[in-house]
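You will see two complexes here that share chain A, one where it goes with chain B and one where it goes with chain C.
On to the complex of A and B.
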């Protein structure tokens, strides 16, 4: 059971990695498009140049936004665009003919973009942390938990994106919801300002959405500011919700799908 | 000139008819505009809760600047992207040939073909914010509005020139649909007055990449705090950019070998 899936995944990876390599310029443009947290870093650092702001000095802001940058980069998925394009192009029908759930193919494509993108992301973050002194805020013992949190952030956003992509089987407008999700990821996730700068009431409301757990949580976790467990539980709960959601959509949407083109 | 206006009218009537077929897109555009406005406002509010000023600007001055940012954002993603931004696709599919055959300046045709009315909610929202902020500052005078319009025009020309220069590269590189991302990434900086950034960045974003002239200069005209040295430089840079984009376009055309047959 497992072996064919693995073999399929390996073949998929080889194919999509080759494609990614060809489009490496696009992959790097995506990093460029995601530099917003770093721009915010410069603004906040400059605001805090004379006196600490909300208990943060420029060093703390550097740490916060560099780590938030890494977290948002972990959350980039373009499943919506892929599925939408394939549905309109007619190539989605080919995916359906394969004896494997298209989820695998999308996951593998996402992974291959990761392999290409992450070394540069890690380099940017590490260089920034070293230059700004932000590394001093890292609690070394929290590194494994931080990596696990990033892994869950990635899976959470990927599966959310996948659920939206399946909504494209009903309406092509689902595509614009994709950009809303990213706006929320950046804002409610805390990549534009540290979330503790919001009023406690606003924070409590936002805590029920998945976004703060994808960006703010890993960042605070690495700084030792929050305990691991409520956060991991929220990440896992939202992940379960999103996976259940796209399984239901898949069961219904597959029957509804009429191939276009060929 | 009159023929040009007729042409523009024909082009835009055509796009209007096309847009009205997708009425629900108005709603989506409006929701998206409200969304990005809401998040931007939130960022400004959080900043001003902790700090008295942002690079020497008050809340309402920064809000006016944000209104201008939203306006230009829509100008780029709702106008330029559908016109000059479609150049790589026109080249790849060979459709550019049909444009070159017509007896009208080809760069102009590619640049103003489509006017997307669905962007209207976003433009109105941006203008509303700008108007509100100017009224709140008490700077809503005829002189300021005229200056604002003039510098907005300069900003649009500069942004257009950057898009045109980037996309004209498609004559050689062909597959560069995403090159606009370079613009958007840098344009993020324009959300804030240039004074909100540390010194070296301020110089880079004024001298090397003219971000200052996109939002800071029009917004300071709206607020009545214009630095006249920048005010004089703005039209000069706009004209130079336009000239450069035109020359580059002509140079590129000389190298163009059609993709279709």
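On to the complex of A and C.
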């Protein structure tokens, strides 16, 4: 079973990557659309120019928002949009005719976009950290854990997206969930402001959502501000919830699916 | 190869009347209704058969095809395709069938069809040797030539449909569902696809279930037809029998260089439409040649076209005539 899946994933990657190359300009526009944390960096640096704010000076804000930018870029997935479009124009049937779960095709399309986009994202982050001096706040021993946290952030966001996308099997329109999830990611994830600016009560509530574990956790982890394991446990737990959720939606949704359009 | 027993598909759709106030009302209280797309149909198809699946728009043809292909879950009834229950979507089942939807495409829009072929090769685990042999064969049969290396979006509708068929057949399916494969194509392209489908069936022994609104597709390919309407089976048997009974006329479409009044046309046949410079006559099949000679000689004809009775009309007559399911 594993060999055919790998073969399928490799073939999907080739096709998806070729499409990404056809639309390389769009891929770079996606990076521009995700620049909000960098804009927030300039705002917060300006506010902290004269005196530290919440214990952070301009260098600390640079570090925070540059790494938050990298984390949010790891969380960009357009699965909801894709599946919504396919269901509404009837081409989702083509996916269903393949002897593989459509999840694989979406995953590989997401991977191929990252392969094209991530080198530039890493370059922007590294250059920003070097120029602002934010690199001094990196705890080098935390780099492997940081990369693992980014990987889990990506998987958590991708599977959350996929679960919401499968709501199309009921409603045939789930695109509004796409906007909602990114608003949550930016606000509750900590891409607009460091979450320690919130009251302890608010932080405690937000901690029970998946979003702070996607952005804030990897950033604080790299700075050595939080221990690794409670965060990894939350990422893994939310990932398990989202995977279980989309498996249930898939099993039930297929029975309700209307295969609209011709 | 295909066994269908008491198949039923009902689904719920939102409904509302047009207009702004109804939109607002529907926002707060949405009404739903149950559409009975398929209502207890039964039939069986033997290996290697090509069967035409006919019915007017909304009859339940595509819904039935989608249930046979495992895309839709039946509300009730029993289906077996090549020994599988389609709704279970087993890998072996999905590797046994192919479905071509004339109005939906599986070709990757931004890439050449060759890339879709390679993707399908991997999806279905076709060996390099089999792939090379099948691509060569499909290229020859469908006259694909240089098409496969051009972006799919730059191909004409007919060229795309040829590539769609090739993509669907790379894994050499035993069961092929064709949903209006010739829709929108010109007459030559329709003919070339018909020839291909017949050839493919002869060479591979594949079982083919075909829906089409073109009488020519059905008459060229199918000895047997299944007619459904409003989800119910009306007829299952020889195409010749249904045509003999119902498609007794042809339509003769005339364009005149000078206006001809309706009264004058009635001497030539049943006048279905007359508008001075244009007219349509319905004439018994056996009398068409003689009539064509007469109108060309006696009327100011600028152009003439002789067409089969549309399949919709044949089926319409069939239903009016009070069919008895066999």
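The rule is short, and it goes like this: the second predicted complex is superposed on the first by the 258 of 262 C-alpha atoms of A that agree within 3 Å, B and C clash if a C-alpha of one lies under 4 Å from a C-alpha of the other, contacts with A are read in each partner's own complex, and residues count from 1 in each chain.
Operating definition for what follows: a contact is a pair of C-beta atoms (placed from the backbone, for glycine too) under 8 Å apart; a residue touches a chain by one contact, two chains touch by 3 or more.
Model, not experiment: these values are computed from the prediction.
Trainee: Looking at the overlay, does A:53 come into contact with chain B only (first), chain C only (second), both, or neither?
Mentor: first
Trainee: Could you tell me if A:186 is touching chain B, chain C, both of them or neither one (first, second, both, neither)?
Mentor: first
Trainee: Considering only touches as defined above, state whether A:45 meets chain B (first), chain C (second), both or neither.
Mentor: Once the two structures are laid over each other on A, A:45 reaches chain B alone.
Trainee: On the A-aligned overlay, A:35 touches which partner chain: chain B = first, chain C = second, or both, or neither?
Mentor: first
Trainee: A:118 in the overlay: touching chain B, chain C, both, or neither? Say first, second, both or neither.
Mentor: Touch status of A:118: no partner.
Trainee: Per the contact definition in the header, classify A:100: touching chain B only (first), chain C only (second), both, or neither.
Mentor: second
Trainee: For chain A, what residues appear in both contact lists, the one with chain B and the one with chain C?
Mentor: No residue sits in both footprints.
Trainee: Using the touch definition from the top, list the residues of chain A that touch chain C in their complex.
Mentor: Counting only chain A, the residues touching chain C are 4, 7-8, 10-12, 14-15, 18-19, 22-23, 89-91, 93-94, 96-100, 254-259, 261-262.
Trainee: Across the complex, what residues on chain B touch chain A?
Mentor: Residues 24, 28, 31-32, 35-36, 39, 42-43, 46-47, 49-51, 54-55, 176, 178-179, 181-182, 184-185, 188-189, 191-192, 196-198, 201 of chain B touch chain A in their complex.
Trainee: Touching residues of chain C toward chain A in the complex: what are they?
Mentor: On the chain C side, the touching residues are 11, 62, 66, 69-73, 89, 91, 93-95, 97-99, 101-106, 108, 110-111, 115-116, 118-119, 121-125, 179-180.
Trainee: List the residues on chain A that touch chain B in their complex, please.
Mentor: 25-26, 29-30, 32-33, 35-36, 39-40, 42-47, 49, 53-54, 173, 176, 179-180, 183, 186-187, 192-193, 197-198
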